[in-house]
Each structure stands twice: as structure tokens, then as C-alpha cells.
Amino acid sequence: MSETVTTLRVPRQDPAPLGIDLSTRLAGVYFPNPVFTASGCAAAGQELGQFFDVAKLGAMVTKSIMLEPRSGRATPRMAETPSGMLNSIGLQGPGIEVFLQRDLPWLAERGARTVVSIAGSSVEEYVKLAQRLRGKPGLTMLEVNISCPNVEDRGKVFACDARAASDVIDAVRRVSSVPVFAKLSPDVTDIVAIARSVVDAGASGLSMVNTLLGMAIDTKTMRPVLAGVTGGLSGPAIRPVAVRCVWQVHQAMPEVPILGMGGIRCGNDALEFLLAGASAVSVGTAVFGDPMAPMRIIDELRAALAERGITDLADVVGRAHRPPEPYVPEGPDPEVADQ
Amino acid sequence: MSETVTTLRVPRQDPAPLGIDLSTRLAGVYFPNPVFTASGCAAAGQELGQFFDVAKLGAMVTKSIMLEPRSGRATPRMAETPSGMLNSIGLQGPGIEVFLQRDLPWLAERGARTVVSIAGSSVEEYVKLAQRLRGKPGLTMLEVNISCPNVEDRGKVFACDARAASDVIDAVRRVSSVPVFAKLSPDVTDIVAIARSVVDAGASGLSMVNTLLGMAIDTKTMRPVLAGVTGGLSGPAIRPVAVRCVWQVHQAMPEVPILGMGGIRCGNDALEFLLAGASAVSVGTAVFGDPMAPMRIIDELRAALAERGITDLADVVGRAHRPPEPYVPEGPDPEVADQ
Amino acid sequence: MPPVQVKGEVVSNKMLGAYHHMTVAAPGIAEQVRPGNFVAVGIGGAESSMLLRRAFSIYTASDRGVYGGTVEFVFAVHGKGTEWLARQRAGDPLDVVGPLGRPFRLPKEPLTATLVGGGYGTAPLFSLAEALRGKGCRVDFVLGAATTDRLFGLLEAKRISSSVAVTTDDGSTGERGRVSDVLPSVIERTRSDIVYACGPMGMLRAVADIAAAHGMPSQVAVEESMACGIGVCMTCVLPVRGEDGVTRMARSCVEGPVFMGDALRWEALGTVPADCLGAPVEVH
Amino acid sequence: MPPVQVKGEVVSNKMLGAYHHMTVAAPGIAEQVRPGNFVAVGIGGAESSMLLRRAFSIYTASDRGVYGGTVEFVFAVHGKGTEWLARQRAGDPLDVVGPLGRPFRLPKEPLTATLVGGGYGTAPLFSLAEALRGKGCRVDFVLGAATTDRLFGLLEAKRISSSVAVTTDDGSTGERGRVSDVLPSVIERTRSDIVYACGPMGMLRAVADIAAAHGMPSQVAVEESMACGIGVCMTCVLPVRGEDGVTRMARSCVEGPVFMGDALRWEALGTVPADCLGAPVEVH
């Protein structure tokens, strides 16, 4: 990894203006800042590249890629919900070969750190994907999207079964040349149990959380809005659930690096995840409303740390688990609380 | 029940102006309209009674009552979140004896149909509560809040374990004089499995859903906002998850009556739950923002049915599961869709 | 008189030092207001991501005038909701519920009362002062704030009271310090019989302690985070000792916001004291 | 020219029959607009419960004038977002991203073009007409709507074209019926070489069929539900046959909204045709 680290220390990665060090490490990998895109919310970077330099991201997390091209589901694929949205894309994508020819090289050329998200319908598919990606230039980390139906278990989602989830992770990390993050679903009774099982299976870290299963019904047509009937709920609406998941898992396994996500829309939201125990965050749905969101959030996060007199991002990671600091303002009205 | 029914048919229960019949039945019990309060969001009715006649509700669902008085948790007990809120009240209440002397009689006098929510920390406590409530005037139904820690199983929440959940329901329905609804938590991997187990144990119906476990961190103090650290997420933010739960359970067990809830703020929201398979709905968090919400929602629901030329509420229950009607407007712009 | 929910309208929204002075046409509410009541204001409309009302002590209410009844309150921009409120202009709709909460209790006899206000907490004290004077009471004010721009109603206080003592943390007006620094001397000078206070918790506690030390009663208006404001949600509770000596977690929106200074369990704020009715018993 | 995100400002928002005509100062966007492009507008501000942008075809754009560049679009109130947009007044801020989407393609030679618009779908056709005439093309319009108040730009169409045929469902203006009823005769009368259309899907399909039946090319601007408008979310897809004959689910926000009429798999809209690249294989 040390190579990566040094190569990443070039100035244009803006290490820390204002003397604030936003850099973070996940499983030993260095990132100049903790703000990543979220899988499926930034495609493979080209489109966002029209709005900002993707190398300025902590990392670019790509849309989950599968072995073969995928059409995805029929439309409608989305519904707006209060402070959130539902999607049922069905993992549309070009397949790993086109991704390796077209997308990953584009990201590598631009010096973007790339977290490649892979998705499969069997352990074997995940393994093949990891093998194809071995040692490819630009590949920084693997994120394993296990919120996929397991064809070998009557379509049961890997992420909802500790055994199936750990089988995938164990197999992938054996063939991967880079750290492997398991992306967890919040739709489980005991997120800590699932987290433990994938960590025991060798996950270098955890991405939390994927969308919550939801649905909407069009009261005009009196039918489900989505062609796929159910879909994944994302956006600020789910942030409290996502923060809780990160909190619980960091509480149970403080040493395991977490990439936190779920409803991050501004710097304070990102800070909330860091305080809960995440070492970096992904910004997903917010990008749809604001293509510049990741860049804005980096600036807002830097300003938030400055306000609090914090010069090193590491100081806030998991901090909410520590006993309260003495200087916590008393009373609900800070401005006259000093009365 | 027949008594109840007839006594409930008196005009001031407004059966169905505009020739629209909003009445519904849950487990054979008649309700003049399908709009209930939600447990813990309307106390025991006296406070809302200042704003409207509680007998005009489909039913009044009371704050979960326990055997003994409870102080609840320390403050802060709430945090506002995007289109939602977190609460950690800790079941503060006066205990069953005060409830029976003071609250239930008040509701009975006013002719309100009352669904009493009970909560315990052991099967035995639930049973004692059901026994104390047997045949009490004004009692229309029991709602069993099983989202409580089971002291006999290291504080594991009953609702998150099919076995524990069904033990409670089986024991309660044996001693109850009225239909017993089990209130389910959405924080489970397989809501249908839990639903099945409590129905097999003799639940007359299901209340869905309770809050999602969430948390918020105050980025100023850098500590959890709630004294209880985690809390229950409610409000429109969770509606897509709640509707999905109702849909899945109605799909699996269309004959089981469902009291649907989670983020209902207007008549269309209520209609969404009915279309998903609920026979009635509870309005919770919306009451905090709008004390008149239940009355408004009854009117909006009646108007929504009228618009659709539907004269009987029963026609919309579960309707979204039926194949699409021919007259569904094509194209995204209804107003010129007829071009 | 039960509270009512009114689709009101902003009459004016003016800056006043560091605060905003909001006047709302809210017929049906104004008529019933008593000193210490508050209103709960809906924020952002139907498509807002903010579901909960914001509570504001009523500064003054008038049931006359072209707008029918109007209610006025004074607020500081604190977070997203008050930011929104600060943007509202004359003519904008505003959903208001009120009057809410138990008001200050007035003495039967003509006593000498000291009214202590911190920051915008002074707002509800003027209608109280008028009510007290209506009963033949003598009224003295002690006003405090962090800085002069957060000192509310100084001139009005002077007009309607026998004396006004002022403190600011930075000494920009009156004495440098806290209201608690000057309150004892005021009490002694005026031979005060009772103290009424509204402001941040820290100040209220100091005031209640001083009143107790002088063997006199105090009434304090607290400010707890509220989700509903009408008594149904149980979020706004404080440990309060009842007449029967038993401590209960009391809802500040309906049993308060005004409490007797000696009834509040100050030392236990933010906790559930072990002797509270129904306090959790540790499970081992 | 890449799209840009601009903190714009509403210049005016006027009712126009059943529609709203919005003019926004959005410097940086106007300069780049080509006929058929659209803008994506942020709704309700930071505290809004509506996260997603709303897409609107650009009616006209001007890079001159006191406001710097302005962009105009015409919209119908459809749901919560457009309701909010309809309430915005001159001076209000508006966050706009654009220009987005692939514009109409213009012919090299001076052809005869028929432009078909349904309802507000007519809006993007005027800048197209001007561009076509700039290339020496003859332009004829066919405008249709449910009712007269939804017939947009009739006078303007007359001014800038050789002929205008009008239909309304209720016959209140022009012929009673659909644009598809009159389009064939217009094509034959004008010996049209190409058809451009924008409007609801049902209309677009009818237009594409008619063009095909006359052995002529058509370009249609579709309207699919969009979450991002910039190509990253994959919600806005349609089955489209590529040059290589292979059908793919194409993003209408970046590969469209303008498609060749014969490339769209009309019969398969709202589905994933079995012959689509990567179509699901039934698992048994």
C-alpha cells in the first residue's frame, strides 16, 4: 500500500488548506479527504467529471458492476418520498469487461482513487469479478455489494444472512489485491451480528448502509409506483437509521474501519457519521439534487472542524462514544446560556 | 361485539356523509371510520379532547400502559430529523390502576372506541395487564406493544424474535375479552415471518409499524442528542418502509386485518396504507405538528374516495395488489395524456 | 379555556437588537392569553422537512385592532426553524396553536414582586408586570443578557416598574455580571415577597436558590425541548416534586412551563432521580 | 459544452393560459443552450422535503440583457414541486442546472420540416424552428392540446412558420381531434422531409408511426421521470435500438431526451424487451 500512499501525496490532492488535515485511512489506505461518492449515485465518474475534478474526491465509488451486461428493471424506477427517494434500478450496467476497458482507465488517468463496487448472484460471480479486477491500475479498494439476491438460496439477499454474507467476503478477500469492504444492509434484526460475521470472514472494513427496503403506492392509479413494486429508500430520511447502524457497529468493533453513508447532504451530516465511528463517508442521493455536493461537503466539513478548533480529522472519528467534554453548553439557548 | 356495533351506529359517529361509507371492521369489530390515533402520540385522549371530539375518531389508541407507574427516560427525549423525529420516552406512564380509574372511564363516558395498548417486560406482565382490562367498559381492542425489552432474555426485544413475540400473543389472547392486535417492529430481517408467528399464536390482527431504531448526534456537543442514545424514528420519513411492511404481510396473509401506520400526514397517505392492505390506520407524529390531523385526515380521505368515485372504503383495502385497472392514465403528464 | 389552532397571518416581523419581534394575527388565541402562556408555531408549510412546532413565550396579545386578535413574541434565531421564521414577512400565513401552558400564578394580596428576565426570557414578564400592578403589587425588574443587543425591553421595563437593575456579561450596559449577582440586593432593597423569572436554566436555578435563601417563593418559566406542546408526547418532562412530596417527571408544556422554584428538582435536571415515581430499578 | 450549476434568480413568473411562463437569470447556462436542451431546477431550498430536481425543456434562452443570461421555460402545475415553483416570484433564488440532454439534430441541407407540439411540449420547438430556418429549412407547425388554454405559442408559431395546423380535443380551437389526425395531410401538403415532435408519449408514438409510414425520419423529445438529470442514477431509461441494432436501456437525460423516432422501442415502453442487452433471464 505504501506506494499508493506516496503517489497520493501530490499537492493537487489538496491535503489540508487552513492547516486542517482532512486525510483519513481505511484499512491502511490513505485518502486525502473522507468524502467519497456512493455506489450507484455517481455512475463511473465521467458525468460528475463535468462538474468537478473527480481526483478531488476522497475516492470515487463506482456503480456496482456485474460480470455480464445488465438491462436493469423496467420503469418507473424511482419515486420521490419525504426527504428521500425510492429506486429500483436493478443494477443496470455494462458488465465488467466494458468497465475495465472504458471506465476504470478513465478514472485512473485522472488520478482518482477508485473503490470498485462489485455485485453478483453467486459466490462464484463475486470471485470472478474480484479476479478480473486484480492489480488493475486505479483500483484502490473493493466494495462488495452483498444486497443482492442469492440465486443459490431462492433469491435470499446475501446481506440478510450472516452465513451467506461471510461466504462471499471470505471468497472475495482471498483473491483480491486490495482491501475488501463489505457493504451492509440495514434491513436486518441484528446489524452487529452480520458485521461480526463478515469481519471474521476477513472483510478489511464495512460500508454502511445500503438502502432500506420500501415502497410507494400511487394514489391516482392505486398501484405501486415502481415497476419493481419495492425499491431502496435513500436520502436524509434514513440518516438516523444509518447513523445508528454505524454507532452500534463501531461500539462493538471500534478497530474496524467504516465507510459511513445514508442521507448525507451537508458537512454537518458527514461529521455526524464520523462522530458515530465512520472513518470516511459516501455521498449518494444528495448528488442528484446537487451535483457539486461532494465538493461542497468537503469544504463544509473543513469549516466545521475549524469552528471546533479541530485540526485533524482523526480526532472526530468515533468521538461521540467518548464521555462528554466539560465545555458542553448548558441549557437550550446557547446564546444566553452563559447567563 | 354486536352490542358495540349497534351502540356505535348512533348518528354523532358520522357514519357516511356524501353517501360515502368510511366504516371498517377489524376482526369483526365495527369502526365508523378507519382513522385511529397512534399509541404514545395521543396520550389517553384528554389533551386532544380540547381540539376535537375523541368519539369522532375511528378509535382512540392509548399510550402503552404498564403494570406499575413508570418515570420513563431522562431528557432530551426527542430530536427532529428530516421529515421525521426520534423519541426515547421510555414508556412513561401512571400504571394500569390509575389508567383504569382515571383514563379509560373518561374515554368510555365520551363514547370513544378505545384500543388499549399494553406493554410489559415479561410474558407474565402482559398477561396481568390483559386480565386487569378484561371486560372493562370502553375497551374495544387490545394492541400489544411487543417492542419492549424482554428481561427474561437479556433485554432482547420481543418483537425481534418470532418465538418471544408469539409467546406473548398466545398468553394475552387466552385471557383477553376483546380482539388482540400485535404491534410489530420494522427492525427485523423478515417481517412476514414474525407476522406469521403471532397470527399462528392467535393474534386477531396486526398493527404495523412501530418506530425504526435510529439515533442522532449533536455536532455542536459532539455527543448523542438523546439521553437514551438511540430512539425510535417516526414520521413521513419512514412511510415507504411502513407501506412496504404492510404490503408484504397483506400479500402473504390477505385475510389478516392490519392497522397500518408510519408517517401518515394527510388523507392520501392514509389511502396509500389502505391500498397496501391496511383496514384502518393510526396517525401518530402528525398530531404533534397538527393536533387536528386525525379529523382533517378523515375529511381528506372521504374526499379522496369521492374523487375516485368510490363509495365504500372496503373497495380500496388491498386494492394495489389487484391487477391494474384499464383506465390508468398513460404518460407522465395526465393533463395532455389524452392527446 | 382550551387552546385553539389558528391559520394566522404575519402582521410584522422586525429586528430588535439580536432578536426578531413577530406580530401574528391569530384571532381566537389572543382573547385567552394569560401571562406565561406560550404559542406553538408550525414551520415551513406542508412540504417542509421540519415536522414539529416551535414554542415561543407570548410577549403580548391584543384582542382589538384591525387584524382581530394579534399575538406578539420575540425570538432569537437558533437553528433551521427560527431561521425560516425570521424570513417570514407581513402577509405570510403562520399556523399557530395557543395559548398553551400554565401561566404565572398571581398573588391574592398586593405584594412586592421582583421579575427576573434573561435575554428574550424577559418577553413574557411585561404582561405579568401589568397583571401584578393591576392587583396593586409593586414590581421591580432585574434584566440580564450576554450583551446589550440581547437585552430585551429595558425602556418598557423602566416605564412599568418601580426599579430596574441591569446586568450584562460584557458590562456594555448596567453592571458587568449575572442577574444572580444583583438579585439579592434588589430583593433586600425592595423587601420583595416573591420572585418571578424566565430565562435559561442556569439563571432560573440561581434565581430559585436566591429566593429560597431569602425564604421567599419563586415561579420560574422553563424552556424544555418540546415535540407537541399540548401534552401528548411526553418529551418535555422535568423532575418536579408534587404537593404530596412525590417527584414525578412532569410535562413542562401542560404542567409548566411555569413551575414553583422549590418544586423543580434542580440538582436532578436531565436525569431521572432515583426517588422519582416509577424510576427505573437496575436489573441485575 | 458541459452543463453548469447556477444559483439563479427568478426574473418573472407569469400565468399563460393553463401554464406558467418562468424566466430565470441563469448566467453561464443561457450561452450554451441548443434547441431541445432542458434545465433541472432545485425545489424548495435546503429544508425542503423534496430532494430531487424538476426537469423543464428550455423554451428560449438569451445571453444578452440586464440580467446576463436568462433561460425561459413553460410549465404546468402537476404536483408538489411545480406547485412550489408556481409560487416563486421575481427576485426569489432558483438553483438551476443546465443545459442538459442531447438537443435536436439539425439537417445539413435545407429541408422541409414539420414540428409537432402537444401542450407545453410545444415550448422547445420555437428555438428549433429558428435554427432550422437559419439553415434555410421550411418549417410547418402542428399544435395540439386538450383545450385552448393548453395550446401554447400559437401566435408565435404563426409568425415564424409557413403554416400552422391546430387541433384540440374539445374543438375549442382548430380542428376537434388529435395532432395525429391532421399530421398526415400536413406532411403530404408540405412534402415534408422530417418531423420533430415534443409532447406526451402517446402523441410521440403516433407521430413516429406516421413519419415511418411516410418513409421519413422523426426526432422526438421524450419525458421520463428523472432523479438526477445528469446521467448518474439510471432512473430515466427507455428501450432504444442502437446503430448496431442492439436494444439498450438508454438514459433519456443524457442520450435523450431527443431520440430518433425509429430508434425508440415504442411497443416495449415501460418494459425491458426480451432482446434488450442484458435483459433478465428467467431463473427456474
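Chains here go by letter, A, B, C and D, matching the order in which they are written, and residues are numbered from 1 within each.
Please note the rule applied: a residue touches a chain if its C-beta (ideal position, glycine included) is under 8 Å from a C-beta of that chain, and two chains touch if they have at least 3 such contacts.
All values derive from a computational prediction rather than experimental measurement.
Asker: Provide the labels of all chains in contact with chain A and in contact with chain C.
Answerer: In this structure, the chains that contact chain C and also chain A are B, D.
Asker: Please flag the chain sitting at the greatest distance from chain B, going by CA centroids.
Answerer: Max centre-to-centre separation from chain B belongs to D.
Asker: Measuring centre to centre with CA averages, how many angstrom lie between chain A and chain B?
Answerer: Going by mean C-alpha positions, chain A sits 34 Å from chain B.
Asker: As a quick test, compute the distance in whole Å between the mean CA positions of chain C and chain D.
Answerer: Comparing mean C-alpha positions, chain D is 56 Å from chain C.
Asker: Multi-chain contacts only, two chains or more: what residues does chain B have there?
Answerer: Those would be 82-84, 235-236, 334.
Asker: Tell me, which residues of chain C touch at least two other chains?
Answerer: As it turns out, chain C has residues touching two or more other chains at 49-50, 224-225.
Asker: Given which chains touch which, is the overall layout a line, a ring, a star, complete, or other?
Answerer: Basically all the chains touch each other, so complete.
Asker: Touching residues of chain A toward chain B in the complex: what are they?
Answerer: So the residues of chain A touching chain B come out as 79, 81-84, 86, 160, 187-190, 212-217, 219-224, 229-230, 233, 235-241, 243-244, 247, 263, 268, 271-272, 275-276, 304, 308, 316, 319-320, 324-325, 328-329, 334.
Asker: Any idea which chain C residues touch chain B in the complex?
Answerer: Where chain C meets chain B, its residues are 2-5, 42, 46, 49-53, 95, 97, 224-225, 227-238, 248-249, 254, 270-272, 276-280, 283.
Asker: Across the complex, what residues on chain A touch chain C?
Answerer: 82-83, 236, 330-339
Asker: Over in the complex, which chain B residues touch chain C? Could you list them?
Answerer: 40-43, 47-48, 50-51, 63, 68-78, 80, 82-85, 87, 89-90, 92-93, 95, 151, 155, 227, 235-236, 266, 285-292
Asker: Once bound in the complex, which stretches of chain C touch chain D?
Answerer: Listed in rising order, the residues of chain C that touch chain D are 44, 47-50, 80, 84.
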